[in-house]
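Every chain is named by a letter (A, B, C and D) in the order it is written, and numbering of its residues begins at 1.
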Amino acid sequence: MRTPLFIVSTKAYLWGNRSLELARIADKIAREYDVCFIYVPQLVDLRLIAGEVEIPVYSPNLDPIKPGRGHGHDLAEALKEAGASGVMINHSERPKTLSEIEECLKRAREVGLNTIVCCDSPRAAEAMTSLEPDAILPEPPKLIGTMKPVSLEMRDFIVESIKAVKRRNEKILVIVGAGISCARDVAEALRLGADGTGASRAVCESPNPEKLLREIAEAMRKAWDSRRS
Amino acid sequence: MRTPLFIVSTKAYLWGNRSLELARIADKIAREYDVCFIYVPQLVDLRLIAGEVEIPVYSPNLDPIKPGRGHGHDLAEALKEAGASGVMINHSERPKTLSEIEECLKRAREVGLNTIVCCDSPRAAEAMTSLEPDAILPEPPKLIGTMKPVSLEMRDFIVESIKAVKRRNEKILVIVGAGISCARDVAEALRLGADGTGASRAVCESPNPEKLLREIAEAMRKAWDSRRS
Amino acid sequence: MRTPLFIVSTKAYLWGNRSLELARIADKIAREYDVCFIYVPQLVDLRLIAGEVEIPVYSPNLDPIKPGRGHGHDLAEALKEAGASGVMINHSERPKTLSEIEECLKRAREVGLNTIVCCDSPRAAEAMTSLEPDAILPEPPKLIGTMKPVSLEMRDFIVESIKAVKRRNEKILVIVGAGISCARDVAEALRLGADGTGASRAVCESPNPEKLLREIAEAMRKAWDSRRS
Amino acid sequence: MRTPLFIVSTKAYLWGNRSLELARIADKIAREYDVCFIYVPQLVDLRLIAGEVEIPVYSPNLDPIKPGRGHGHDLAEALKEAGASGVMINHSERPKTLSEIEECLKRAREVGLNTIVCCDSPRAAEAMTSLEPDAILPEPPKLIGTMKPVSLEMRDFIVESIKAVKRRNEKILVIVGAGISCARDVAEALRLGADGTGASRAVCESPNPEKLLREIAEAMRKAWDSRRS
């Protein structure tokens, strides 16, 4: 995964054709600005969208099963064949047991899916380094779905999360989220050292998502440039 | 839903192109014999398959959420737009709370998805009539995934389930499953009065699924003809 | 279970000695007014309280296990030996799958524990009659823990729940709850035909629980007398 | 917690008076040999047993709630007042989400309960060091409840778990389990460097638990003596 990155996750705010439309906008802007956007749609939309855009499309779930039994469980091999580049698991709205997280990461690696593990705190972020996901996404649950950005409201949460992860394993990306709604929030998250951030409600409900994503892409470019200099 | 019907559920035995191939075979045979097959794929394959076949394609899951929050939860509206005709919930491998079952049925109705509720016993089948799904699918958990067909091993289970449902609501279909692996098992389930049956492992792992489904379709035609006479 | 009955459930509002004290007050008043109070403490307090009072003490949980494995699961036999008269399961704060509910009721019956199954709606209440618990306790989740009594705010909910259960099985008690905080709320629930009601927060946080329970007992006596006449 | 220690967990193999009897035997032998036994009973038996023995009694569960709502959830304050010295959470038979584990540890610390977190692998054991429990108990799930001791069948599992935990935090105890059934299994686990081990089925189903625990205590003394020399 190239950094900085920005995750557009639809959750259940958008689906079907409107989700495809948003993914296409994100795809266009990602190319235009040469930044990395990741798109996380409703699972049932994954194949459609992965077939139409170049940006990586991630599954919002994976279950710790192997080929065989498992009615209603999402199989790693099926996600991969459908075009998923990765998976995002353990979101606070879809938490998993410690044992399931471990098994999901193993299954994702076996089929070549990138992994983002969400968690609730800097401590939990540190814990997750032992399971070696590609990225860790700590979010303070109380800010999720609000318009209070973690990068302004809880700077310490971000700084501590980054420190906690990087001192264990520099290669694991730290993505932060919760309440992110505009370019300023993104810029601030990156300035604090995050490898990426993301938004869900703000992008899905934006009256002008193209303008919003464009501003975010610009903030990402600036952060990128200032890091290299 | 037209009866008798037969559910082909892939669970995690098959996915992607191989699942599409099986769905096409089922589609062809359903047309040829004018019988009702329902196909339940991995969720991520739903849209692809629904776009390629005429037989109804059902989702293996639905979550009790409304548009909005709900990372990793499957939204009724998204399943519908992707081409699902219905949903199959509360399978013993993906059980739901009583409250979730009720809310899922409400959400499915709101968007026009047919509903099949699985359960473990004749009593639970009777209970589910109060929630008015389109179909109830009682399965003895211990026979699921085996080659011991419920229609031979536990005839009473089938007879009692049908009685329990129909005395409450004649319109609700009773589908029975577990261990069904050949035309004889299907014929016997229908002879006992079931509105349908289904299989997962036996069809997915069959060296010749076309032959198997053809034999099953023939058994369904015979059952149909003998009921009308 | 003798009716009308009133359930005092501590949830996590009270525990240990303060819970024992409340149970003793309930016990005294139940005897004084000859009414049926049921006490549901924190599980770890069950044995202590059951040993000190005469009113029935119910467990707030039961797990669907048999003697043997099951770390952290509450065994029916253990609850019974500790002095439980019954169990209250599937509360909206501790929901169970349909399959677990069925198995819990079976296990409770096997060891001689009375059963109260909570649920969310009149429909779900009707569904539960098929599993034949001793009592069904429908509660509108949105009123739980508030001071808005279901017996004033949602009279239809009560009336429909009673009708739904009694037309299926007259012997199953219908207890209603959510937001009940004083004698007037109790009187109204009983007047609408409920076999009982209950409270948690209001009793546990009352500055004078003895006075509150006394007023409730009086309301129960009046309801009792007016039914007999 | 003094080491080496040995956990006697009844799960649902024993309860009530028979559990109290076993706890008394463990208590007597612990005193006789000056070794540390920890007793984990059915939750409903906790207060009874904690009141009768001197060895620490741990709760088999804790829920991540605060005083207030939470029907059917086990409150830290209630466990503490009932006499619990600690809690054992996330057993593979009662797994918790990562978020719940973190919150449970916080709640346990707030009321002064010792903490043992179970997990499935050396990696997960390492992860749990970040949450700073008092002890970590990795168990290979496939050996739990068998008579195949982890200390003979999967020596690497033990060695790697100890290394994984201790290089992060020397103070956190590493207890290992699964399939432990006699003094030899215990001796071998301690020889490999574990701070403790435990058994459930083997002790509960032993025809002579006193003899078995005596032999285990002797093995613990020997391990203790050989470490000091």
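Please note the rule applied: contacts are C-beta pairs under 8 Å (C-beta built on N, C-alpha and C of every residue); 3 or more make two chains touch, one makes a residue touch a chain.
Here the structure is a predicted model, which is why all the values come from computation and not from measurement.
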{"item": "Shared chain contacts [subunit C and subunit D, defined touch]", "value": "none"}
{"item": "Graph separation of subunit A and subunit C (steps between touching chains)", "value": "2"}
{"item": "Farthest-lying chain, centroid of Cα atoms versus that of subunit C", "value": "A"}
{"item": "Subunit B and subunit C: spacing of chain centres that average the CA atoms, whole Å", "value": "37"}
{"item": "Distance between the centres, which are taken as Cα means, of subunit D and subunit B, whole angstrom", "value": "44"}
{"item": "Contacts with 2+ other chains: residues of subunit C", "value": "92"}
{"item": "Topology of the chain contact graph, where touching chains are joined (line, ring, star, complete, other)", "value": "ring"}
{"item": "Interchain contacts, given as pairs of chains that touch", "value": "A-B, A-D, B-C, C-D"}
{"item": "Touch list for subunit C against partner subunit B, complex", "value": "90, 92, 95-102, 119-121, 123-124, 126-131, 141, 164"}
{"item": "Residues of subunit D touching subunit C in the complex", "value": "9, 11-13, 15-17, 42-48, 59-61, 65-75, 77-79, 81-82, 84, 88-89, 91-94, 144-145, 200-201"}
